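Okay, got some structures for you below.
Next come two complexes built around chain A: one with chain B, the other with chain C.
After this line comes the complex of A and B, so read on.
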């Protein structure tokens, strides 16, 4: 497993953006996670080589951020925002409903603001934004899946 | 330059760290993350002191000394600060000192006795982390006892540059660890056990063997190679058993090994617990043998200068040709502490002008009627007169047991021509010292 051709081209252009190779760690971790759904051992090795950093440093960084996944999961992810606007508009009830009804097939996590406060409460399903969420909307979408 | 610490005048140099000045003058300053050979990191905040003219307490490991600096380490205010820091360090720390192997030499324990809060404010459950994790290289990790000072991480990243250890996770879930399937493996790995100020990293070889307050320490020198790293020999004698050596610890020497030892040297204490248990010959028998014409002696280059000198006097008196050969091992040395010359005092042999030519020795050996071996590894298990400090000797002809270096004090010259003394442990050896034996012979 390594980066796809499209991603390799992306990395080449990212290289010029930062004065130090070290700064590439986070963008590369994102690329890896986007490509495979999680960050595998081989990707950490590849990123360590690309950034000239020790393996442990990359592993340390990846484990620091909860949004990076180090294990492969069969479940799809639903991220529910719990920051102010969404919280005031009832995100807690939405999360509770999801956990009670869908945790068998989906991994439900609470996250901080994703910049869609205009459409609060919001959540993402496999990275796709869903705004002004209601319980009915969720049922419709998740049953359709 | 002069500064005032707790109203005592202290002499120091421009540009020195305040914590170094305090440590060098034996002024107690609690600290976890600072280590004189790893440098400052400033993460533990334990070394807070009050400085006249500064609004807030400052960390001593990040303060450079200035002319007329006035420092206070023992005010009520600073004790409160230390108490709060310790409370934070101990939020998730298990109170298991009675079963913890570090008890007695634990910094957390020591400081808590001085500044502790004793009554917990905590109402939520403690965070649980990994227990007894085998990191490899004889190192065991208990993540709950860790105070995250990162000394071990800085050792593997700055000194050995092997980068096995790192912080995993964040916040109250942060822990020291290795990456999955990447164990700690470098020839200096066990230094992290000694660097760890608390009971998080313990040595698989030493843990649960002995409580540290039952141990005595002798200032000695490692005999594993010609580097001559300074060590403490930790030993004791319990009821009904003879003296036993439990471990080697590094003894700080800035010129040679700083605070570090290689794993080979650290574990070489085991040899010292071996004793020669075969038959010991009579001195009178050797006296009779000394009457022959062609005599050769081979002396170990790991003996101290004092021992070498008395061997030399003995051989000169009895007209014995004396040789010494180095213990060369091309695969042992590295670019840091380990050297290819695996004897402790080869420079000393050269200083006394003892013959070290292999060819001449072999020539003399072939023609000799009597060969005396003074603890040299080359002639172990050969039928001749042996002076030995270890067990594995084939018992033929004459054998004399002699005390090993834990029972000797003497002088060694290391590979960089540094002359240093080592001291004997306080218990008397059951077998005589080499010098005593030679006195009996003359």
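After this line comes the complex of A and C, so read on.
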């Protein structure tokens, strides 16, 4: 797997920003995931070559961070925060409702504090924040899915 | 009660765009730099009493001096990992007034002699870091950044990818070097951080955003707010069982209960207050009677057996189960331990599982002893302060609410 022409231009300009190529590991993993939807084995090899690091280094870094997806998934993702402020404001009921009603087309994942405690309960739909979530809001946004 | 130093422009429409920012004093402190020596700026920061706003409260001027004293290539790294539960303040700066952060970065780079700054933003904040990126692009176009600037520096946003521990400064630098986010062993005597072996200053987003005011108005103007040892203001945050959750900037020394009632809008549904976690999940809990005594500054919260942390308060009403609340937090720590140190990796797993027995009301006195012994098993044996913080959290719950745990013992 290789990066698109547009991404190669981006990578070239990023290279000047860091003292060593190794620093590009996270930015390149992000670019790969944006391009393909997940990080394939071939991309790990490509990134290893570009950063002059062994394959295993790239793999171990990619697997350390929860936001990197090493498997392809056809479903879209909804993340529901389960940490304290959200739990105090009803996140468990929100999660339950989502699992019962929208599991077919969405992967519903519980995540830790997303820095939106002031808008708890919160969730993200394909990465986009939704705060002070109610069941009505979810139905409105997810309707037809 | 609200005192808007850092949050001055938050409510101005489109304050994130450079046109509006320039009309509202942004980048003015840069002009002052023309007449100042870098050391003079560092001395101003020292005199202002500015303390780090990422949770530790370390005096900023002394840290700047450590980095500045080295000759050669240096870096500034801005910590925008913001993952401590209950904390959502840096995000307001990044999204509502990104030019304030950029201005602070320029001043700080000038003071310590750095040409490159990285802003490490947690991966989940993509929407917000995109706003910061647009602001950085605008600042390049207007020659506040890049080769054509008075102080020629580059700012690069580095996106995290979901790991609480990357907020710890040495783990953050590991992550920025392209590694797993594993904290490093701490040096014996004070020294700066190192990025690829080069001296580096790591400061929180809000710390850097506090710098322009000090350079523009002077150290004394900053010291006019707050207390003797906790100078200035903080973007305190409030969430949980309150009517008006949010981020409100007040001077250090403000009464906690007044903050909760006036700015937080009081407890939801007319309920009574039971407890507050004062400064992010890692600070020990305070029961209502201590909340009434507490002041929002480093000394007062320390005296009450807790700490100021990030200033993110989590408020709990009279119906909250303390057993369930502690379970929630221990699940978080179990999930987020980086796994390097055995006492932390095993300890967080053990206490988390032990809590299940309390939740199911099938705990024994030995289980209670496991929780009580956590400070012995997890303290002082680990690379970073994550593990000792967890035992501090457990001790806080047991100190003030042991009866609720005893009720779960068969």
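In this section, the second predicted complex is superposed on the first by the 142 of 145 C-alpha atoms of A that agree within 3 Å, B and C clash if a C-alpha of one lies under 4 Å from a C-alpha of the other, contacts with A are read in each partner's own complex, and residues count from 1 in each chain.
One rule holds for everything that comes next: contacts are C-beta pairs under 8 Å (C-beta built on N, C-alpha and C of every residue); 3 or more make two chains touch, one makes a residue touch a chain.
This is a predicted model, so every value here is computed, not measured.
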Joint occupancy of chain A by chain B and chain C, clash or fit: fit
Partner chain(s) touched by A:60 [first = chain B, second = chain C, both, neither]: both
First (chain B), second (chain C), both or neither touched by A:125: neither
Comparison of chain B and chain C by chain A residues contacted: C
Which of chain B and chain C A:50 touches, first, second, both or neither: neither
First (chain B), second (chain C), both or neither touched by A:68: second
First, second, both or neither for A:11, with chain B first and chain C second: neither
Partner chain in contact with A:109 - chain B first, chain C second, else both or neither: neither
Contacts of A:137 with chain B and chain C, given as first, second, both or neither: neither
Partner chain(s) touched by A:41 [first = chain B, second = chain C, both, neither]: first
Touching partner for A:99 - first (chain B), second (chain C), both, neither: neither
Chain B and chain C, minimum CA distance [Å, superposed model]: 5
Common interface positions of chain A, toward chain B and toward chain C: 60, 64-66
Touch list for chain C against partner chain A, complex: 73, 82-88, 90-91, 116, 122-127, 154, 156, 158-164, 175-181, 195-196, 198, 237-241, 245-247, 277, 281, 312, 314, 316, 320, 324-325, 328-329, 331-332, 335-336
Contacting residues of chain B [partner chain A, same complex]: 157, 163-170, 178-182
Of chain A, residues touching chain C in the complex: 14, 17-20, 22-27, 29-30, 51, 53, 60-61, 64-68, 82-85, 87-89, 112-120, 124, 127-129
Contact footprint of chain B on chain A as seen in their complex: 41, 44, 54-57, 59-60, 63-66
